[in-house]
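Dropping the structures in below, format is structure tokens.
You will see chain A twice below: alongside chain B first, and alongside chain C after that.
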Partner chain A sequence: MNSTRVWIVFAAAIIASFVVPHFLPPGLSDWVTRLSTLMLVAISWNMMANAGLISLGHSGFWGLGAYSVALLANAFHMPFWLSLIPAMLLGAIFGAFLAYITGRLRGLFFAISTLATSEALRVVALMVPKLTGGAEGVFVFDQIRPDRVTMTSFALCLAVVAVAISYFLSRSRYQYALRAMRDSESAVQMLGVNPARFRIGVTTLSGAIAACGGVISAWYTGYLDPGSAFDLKVTISAQIAPLFGGLYTVTGPVIGSFAILALSELTRLYFNYSGGVGLLVYGCILVFGVLLMPSGLVGLWKRRRKRAGPVAAIPAEVK
Partner chain B sequence: MASLIFQIMVDSLLLGGVYTLMAVGLSLAFGVTRIINFAHGDVVMYGAYAAFFAFVGLNVDPLLSLVFVAVLGGIGGYLLFKLTLDRILDAASINQVLLTFGLGLVLQNVAVILWTGDERSTTPSYAFDSWFISDDVVVAKGRLIAFGLAIAFVVLLLAWLRWSELGRATRAVSQNRAAASLMGINVRAMYGLSFALSTAFGTATGAIMSFLLPITPFMGFPILVKAFAIIILGGLDSIVGTVIGAFFLATAETTIAYVVPQGIGWAEGVAFFLLVMVLIARPNGILGTVGRDA
Partner chain C sequence: MTTAMLELDTIRAGYNDAIAIENISLTVGQGEVVCLLGANGAGKTTTMRVVTGLIPLLSGAIRYNGEDISHMPAHERVAAGICLSPEGRQVFPDLTVMENLSLGSFNRRARPNRKQSLERVLTLFPKLHERRSQAAGLMSGGEQQMLAIGRALMGEPKLLALDEPSLGLSPKMVSTVFESIQTIAKSGITILLVEQNTRAALAIAQRGYVLSAGRVVHEGTAADLAQSEMVQKAFVGAAFTKQSVRTSRRERRLAQSNEGGAGA
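What follows is the complex of A and B.
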């Protein structure tokens, strides 16, 4: 696609995200909101994975976003669209901080330190009740909470922007540097790219996007406590959606989010909210995904096309 | 004051024993395979459940069932390794992280479905016993037993690694895969063996935990995170380093729990704080040799 057409598509999607929610029944609109939040964290996770940074700390970004909403809404009655800015800023700062302190840590060690920092944030949220309400949790000031339709539009719009960002990033020249970092940071360095700069850039962007997920969730549910705000489930779904859809691709996290959410709805229907089954399914997806289809649904589709491809391509070459 | 310091020392020492148990299996498996098993906490949890059912159903003391639990755990771990990890040993580390993370989720939630989230524990007589060294210094007997077993296990493991043929082969693989392979060591088999040993340690730890901590399907994750902190503190591939790391973490946590107001809550965060600090300040840990490129 040429770039004007892409811009038109994204502009149309933004407009649609403001119009469509008005016509959705409540159940579906709830579904769309949750899909959008999942897409945000999935895209953000995939962005970091694309540069070889395995994050197990996405619940940290999420929780920071959620708590900044709760604080600002309650202290200054800040409207939801404005609260996005400080929340994203906080997510971005935390992302940059994470990249900065982890320095040259790679792979496993980066993963473990992200897990540790997000868990540390949970402990802090639990231990400073004056600020966060502690274990009892905190309610978001109810009178300024937007209605359902506004919330869905807001979420959908953010998700579209996130997809756009990840699309343009994948088309930019930075993509080559990031992809190369995934294989070997030292090799990238030898080619004259400063991996530290890219690493900080990617985690900052990724942190800001993931914080949006927390923002939506806080406004949408209206309540949070340290356990739910820094829930490991956020990290889990953030990594499952891209893996299932297709790691390192633009469409992967989007398709993956659809698939994961549909799957979790199905398990909920069949097993009636009984604890454990949903997460068990997630675990199975992780295990079988890695073992059997490491390039996800997108990879499967590409392979099928490739198999059909050469036959169609030969006549053109003969000519 | 003197007795408070003494009590802190005693508690740190005993807790250090428990922590050593949690971390040593993880460290062993990492040293050889260079894979961090994110399901290790859940392996411990299965050991605890096994000991619990042996205690309730067959009236077997956890210290006795520990042997069988460890053997079963080793076999289970070997099968798990062959079925899953063995296939992706050469894949990127992200695949290994996601796989073991997924295995942990599966193990945990199978336990949730089978046994619900209810808290259980084994209740042998020594679980509630304690000795008073002086008027205000107490030693919990259960922890003392755990401490003794931890020391015994580590000594046995070190002896095995040092003097047995297989142990030497394990160390060789840990130090240099390629060279070990050239010396005629079956590297893949050593991977399987060390992973099995690690899960055997994990389940044995669980049997001991069964009378120290409430048993729930969710007990694995906090154990896992503490074990991470410990092995990173100690230097990942060093067993002795792991022991030092365990006692270091235990001392830090116990001191904070006693000295800082609301310390028990904050103590939970010490592991994370230390972990991040060590990764920044001394990425090789206390005794480790691994660079941070893995």
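What follows is the complex of A and C.
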């Protein structure tokens, strides 16, 4: 696809995200909002994974975004779209901080440190009740909360922007460097790339995007406490979606988010007489999905298409 | 000798508590091909890592074109013109040949001339042009070695550091690779070469240093070193005669089986 066409597609998607929510029934609109927030964290997680940074701390970004919204909105009656700026800033700063303190830690060690920092944030939120309301939680003023349609449009719009960012990043020359970093940071450094700069760059961007997810959730639910804001479930679904959809791809986290949310709804509806069974089936499908499709739904689709009609390898042009 | 481009002044380095090289001093002149010889564990690769900045220097100094670069980080040395083709190739297996190559010209100095560099590399290694959209991990050892050298060349080196380019290659592929190295040297690029294959290395180098147990034990012109018994000793140790016969027999056999084949 040439770049003008891509811009048109993204512009159309942005417009659609403002128009479509007006025609959605409440149930579906709620679903779309949740889908958008999941997409945001999934894209953000995938971005870091792409550079070899496996994060278990995405609930930290999420919680920071959510709390900054709740506190700033209550203190300054900040309109919801403006609250995005401090939240993203906070997420970005936390991302950079995470990359800075973990230094050269990789793999499991990096993952555990991110888990520890996000858990630390949760404990801090519990321990400073004057600021965060502690375990009782904090309510966002009802008067300043936007209505459902606005909220859905806002969420969809952010998700589209996140997809656009990850798409353009995947087209840029930084993409090779990031993918190569996943393989070996010292080998990348030998080629004149400063891995520290890239690491901080990618965690900053990823943190800002994940914080948006928290922003939406805070405005949407209107209430948060440390347990729900820094919920490990966020971290887990942020990685299941790309795994299920297709790791390290642009479309993977998008399709994966869609698939796992649809799946959880379907199992819930189908087995609604007992919640446990629904969750069990949902879990089993996820496990077998990941086992049987190592490159996710995207990989499955690509393989299908290859089998249907062998396309001649397109020679890469000299750039 | 021409003016020194790279000068190692009594350097000392190692890993954690283990000192791998001690008091190594050597110079590489502008336009020269200099080889470092020695057995396994002699400190050749460590020297190379110190030169490219991948491990820190414990004492001593490294000067590059008269400037002290002892504490310059690795990625800045690439920008200064020191590019490495590492031991064991270390190409990025998931990236295609083209992507690997374009990563080579990532530094600010080389980026504007990417197109010309690419043309030069693909002329030098036509095989890479054939394989340009293939994942690097799926190529033969020889092709990966070409890619590793090509990738280093994409960074427009003034000093090209080659760490064991013959490692794991068939004799036929070794000569192909060494011919390419000679072509690179003729184009005016200074080369620091680390090799275990003494014969091949001395055939293209002007000067050489022999390392043993982390020290320089011998140095001289390539012709002198080729004659020297000291080199043979430092290189294969006590079991020299037996082992060299065995290797050469294996080499001959490999060469025969590879004749007419694709090599590597």
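Descriptive notes on the structure:
Going forward, the second predicted complex is superposed on the first by the 289 of 319 C-alpha atoms of A that agree within 3 Å, B and C clash if a C-alpha of one lies under 4 Å from a C-alpha of the other, contacts with A are read in each partner's own complex, and residues count from 1 in each chain.
The rule is short, and it goes like this: contacts are C-beta pairs under 8 Å (C-beta built on N, C-alpha and C of every residue); 3 or more make two chains touch, one makes a residue touch a chain.
Worth saying up front: this structure is predicted, and the values here are computed from it rather than measured.
By the document's definition of touching, of the two partners only chain C reaches A:A180; chain B does not.
Of the two partner chains, chain B is the only one that A:L243 touches; chain C does not reach it.
By the touch criterion stated above, A:A73 is placed in contact with neither chain B nor chain C. When the two complexes are overlaid on their common chain A, residue A:L126 makes contact with chain B while staying clear of chain C. When the shared chain is aligned, chain C comes close enough to touch A:M190, but chain B does not.
Contact with chain B, but none with chain C, is seen for A:G283 once the two complexes are overlaid on the shared chain. In the superposition on chain A, the chain among chain B and chain C reaching more residues of chain A is B. Those residues of chain A that touch chain B in the shared complex are 49, 52, 54, 56, 101-109, 111-113, 115-117, 119-120, 123-124, 126-127, 182, 232, 236, 239, 243, 247, 274-277, 279-280, 282-287, 289-291, 294. Remark: chain B residues 36, 84, 87-88, 91-95, 97-99, 101-110, 112-113, 116-117, 217, 221, 225, 228-229, 232, 262, 265-266, 268-269, 271-273, 275-276, 279-280, 283, 292-294 touch chain A in the complex. Across the complex, chain A meets chain C through its residues 173, 176-177, 179-180, 183-184, 186-195, 313-316, 318-319. Residue ranges on chain C touching chain A, taken from their complex, read 52, 54, 73-75, 78-79, 83-84, 86, 90, 92-96, 98-99, 102-104, 106-107, 110, 114-115, 118, 132-133, 151, 155.
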